[in-house]
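These are the structures, in structure tokens.
Okay, so subunit A shows up in both of these, paired with subunit B first and subunit C after.
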Partner chain A sequence: MNFEVIVENLPKLLDGALLTVELVVFSSLAGLALAFPLALARCSPRPWLRAGPWAYIFFFRGTPLLVQLFLVYYGLSQFEAVRASIFWPILRDAWWCALITMALHTAAYIAEILRGAIQAVPRGEIEAAHSLGMGVWQAQRRIVLPRAVRIALPAYSNEVILMLKGSALASTITLLELTGTARTVIARTYMPIEIFLAAGVLYLLISFALVQVFRLLERRLGTYAC
Partner chain B sequence: MNLHGFGDQLLAGTLLTLQLAFASLGVGLALGMAGALAKTSRNAAARWAGSTYTTVVRGVPELLVVLLVYFGASQVLTMLAELVGIDAYVEIDAFTAGTIALGLTFGAYATEVLRGALQTVPHGHVEAAQALGMGSGRIFIRIVMPQAWRVALPGLGNLFLVLLKDTALISVIGLEELMRKSAIAVSHTKEPFTFYMAAALIYLGLTVAAMTGLALLEKRAARGFARRTA
Partner chain C sequence: MRLTKILPALALALGLASGASAADKLKIGTEGAYPPFNMIDEKGKVGGFDVDIAMALCAEMKVTCDIVTQDWDGIIPALVQKKFDAIVASMSITDERKKAVAFTDHYYTNKLQFIAPKASSFSPALDALKGKVLGAQRATISGTWLEDKVGKTATVKLYDTQENAYLDLAAGRLDGVLGDKFVNYEWLKSDAGKAFEFKGEPVFDDDKIGIAVRKKDDKLRQRLNDALAAIRANGTYEKINAKYFPFSIY
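== the complex of A and B ==
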């Protein structure tokens, strides 16, 4: 083991780690925002409203993240209409493509978590809300969703950790996040074991930090109190 | 969907993807079982090794494990070759590296699934088997495993679905499985959307097939148990 090469390249790896954290935080939040309408539609009693989210979730959970990433980054450029559109500066950029794909991907998983949580809210509480005169939407907003969010939180934290690991795939579309940086450093130093292990330790540290954040959040929201 | 004659290439890639998935499943199940036994062992060192394995592998991206195994193994093997006096650059092929890497990942998660399943088998059953004079190996195969298997199957099935999709990562180290074949087709035809969508649909088909197979397995493993009425 050559520790010198690790110390020498640590600033670069930390830069990469910062980009990784950025990708994970933004995509997890965007995914969460997307997941709410998906989950609500998925729980709808109307079949035509359930069909869209069902297909979306089926596709994004049934195919590898790598394929999705390539579809967005390389695939969309096949269409002249996309290249001519005002979105092209965004869809041409690897950072945006990674962020968009990760958000779409994680949204499918989070939507299923939320659906499970919404359906786990005791029926009696919803009936109680209705008997107090709350309408469907008011009951959703005040009773069902706050409860569901608390139920879903532990599973959501798992999903964020999975996204942390998934973010390594962004290196395949030229993005220099932690794994990508490690690969470029190795291309110069020929020290794969040292650099990959250092990157691995940084990933572990990030995931421990994320776990701590969620532990605090769970305590604050009183997940175990209800 | 016009595949420009690359259909048989995609099919060949799909077959390699399946081979890779099943080979990794074998390695992963063995590692998972070893991990579960280590974690429930009375030996403190074995418990420590088991939990280090699961914590580290589950906290690090699969892609990093793949790259580490592929590039790291050749570094280690080259050093070993130097030690015995052979001056050569040793490489392991992408399939072997992929199988080891995916097996390691699967095994780390399977450890937890199997550990939980093993603990559901009542200790009385083991004692009864001992009273009948069975050895510990036979007890494990005849009494413990058939019962733990039923409990572990849904969890292992989910892990297999994840594994199936993770095989795409091995394209990064050059194995010509489905994803790599698609990339090759793209470089010839300049139609990335067509071929990556074709690959996505094939993965979707594999997932559905695997889910169907798993449902059958679960039904079989649960024979002799009363159906739960929800």
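== the complex of A and C ==
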């Protein structure tokens, strides 16, 4: 074990860790925002409204994140039309490509988590809301969604931690997040065990911090964590 | 009575002896994403200059060889951990790598040269590279060159495979790619490479390519060196060279 090499490269690895946190936090928030309308539409009694989210979720859950990253980063850029479009300044950037893909990917999973949570809200509570004179939307907003969010929170925290590990794939599209940095350092030092060990510890620390954030959130929202 | 006891023992001894020669099998590691040196065809077969050389060396040493593929940035750790016995994958002999593995004599000489769009006024002078977005494969001497020479003044993007660097050059995300001259040469000949050309002189022209073995395997290194000298002398090397390039790359 050569600890010197870890100390020497720690600043680089920390820079990488920062980018990892950035990708995970932004994509998880964007994914959550996207997941609400998806989940609501997915629970709709109207088949034509259910079809779109169903297909979306089927695609993004059914294909690997790596393939999605490659399609967005290397795939789209092969088309002249894309390169000439107004979206190119964003799609040209690896950071945006990673963020967009990760958000679209995680949104599919979060939507399913939310759908399950919405359907898990006891019928009696919804009936009680209606009997108090609340309309469909009012009952959704005041009763169903707040209850669903509480039910979904533990599963959502799980998904965020999965995205933390999924973010390592961003290194394949040239981003120097934690894994990418580790691999670049190893390319110079040939000390994979030391550097991956350090990267692993940093991942653990990040996921520990995420777990703490969700514990606080669960306490505040009154879902009693064990 | 005695004979019947001896016979199985003899057979066992013979079996062991033949087992020993059957164990004289080499596993050769290569990358498989570096045309024309090593690549995987549509049928999943590994081929290319490196693979042909490896096979010629194995034939010369009279051993059977298995070719296995391994991602480039994990190829040295995999050798050290005995996933295979030698790397024949267009690997440059560098001091950094010599700390981890031992090298045979070189089997070809590489040059590093930039390629960029024909329409651009790209120049490989260090001053002209300032502010440019430059690509290379990760864990290669091109990557090291970019990091060391322009890492602070230009944006350096490192790719898992050379092919991905070309994709990004074609997509317009990169101003130029630094890579092995002969690999670039092959790509420029392809459809995707039509709009691109070599820019300036090679930035490094004495990049010796060797076969890497574990440091403790000095016997294997010697045998590979002898075999290399033999195929150089008997014309096998030239034949393989001519199959890929109209000029000598030794």
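Please note the rule applied: the second predicted complex is superposed on the first by the 224 of 226 C-alpha atoms of A that agree within 3 Å, B and C clash if a C-alpha of one lies under 4 Å from a C-alpha of the other, contacts with A are read in each partner's own complex, and residues count from 1 in each chain.
We take it that contacts are C-beta pairs under 8 Å (C-beta built on N, C-alpha and C of every residue); 3 or more make two chains touch, one makes a residue touch a chain.
Just so we're clear, the structure is a prediction, and the values are computed from it rather than from any experiment.
Enquirer: Based on the shared subunit A superposition, would you classify subunit B and subunit C as clashing or fitting together?
Expert: clash
Enquirer: Touching A:G62, do we find subunit B (first), subunit C (second), both, or neither?
Expert: first
Enquirer: Once the structures are superposed on A, label A:I151 by its partner contacts, choosing first (subunit B), second (subunit C), both or neither.
Expert: Touch partners of A:I151: none, neither subunit B nor subunit C.
Enquirer: Once chain A of both complexes is superposed, is A:T174 in touch with subunit B (first), subunit C (second), both, or neither?
Expert: Once the two structures are laid over each other on A, A:T174 reaches subunit C alone.
Enquirer: Please work out whether A:M102 is in contact with subunit B alone, subunit C alone, both, or neither, and reply first, second, both or neither.
Expert: Neither: A:M102 stays clear of subunit B and subunit C.
Enquirer: If we overlay the two complexes on their shared chain A, which of subunit B and subunit C does A:Q78 touch? Say first, second, both or neither.
Expert: A:Q78: touches subunit B and subunit C.
Enquirer: Which partner does A:R92 reach: the first (subunit B), the second (subunit C), both, or neither?
Expert: It touches subunit C, and subunit B stays clear.
Enquirer: Of the two partner chains, subunit B (first) and subunit C (second), which one does A:A187 touch, if any: first, second, both, or neither?
Expert: second
Enquirer: Tell me which stretch of subunit C runs into subunit B once the two are superposed: 9-17, 45-53, 81-89 or 225-233.
Expert: Clashing stretch: 81-89.
Enquirer: Could you pull out which residues of subunit A sit against subunit B in one structure and against subunit C in the other?
Expert: In subunit A, positions 74, 77-78, 171-172, 183, 186, 192 sit in both the subunit B and subunit C interfaces.
Enquirer: In their shared complex, at which residues does subunit C touch subunit A?
Expert: Within the complex, subunit C contacts subunit A at residues 73-74, 76-77, 96-97, 99-100, 135, 138-139, 143-144, 147, 157-160, 164, 167-168, 170-173.
Enquirer: Which residues, counting only subunit A, touch subunit C once they are in their complex?
Expert: Within the complex, subunit A contacts subunit C at residues 74, 77-78, 83, 92, 94, 171-172, 174, 180, 183-184, 186-188, 190, 192.
Enquirer: Which positions of subunit A touch subunit B when the two form their complex?
Expert: So the residues of subunit A in touch with subunit B come to 58-59, 62-68, 70-71, 74-79, 161, 164-169, 171-172, 179, 182-183, 186, 192-193, 196-197, 199-200, 203-204, 207-208.
Enquirer: Give every residue of subunit B touching subunit A within the complex, in rising order.
Expert: Within the complex, subunit B touches subunit A at residues 55-56, 59-64, 67-68, 71-72, 75-76, 165-169, 171-172, 179, 183, 186, 190-194, 196-197, 199-200, 203-204, 207-208.
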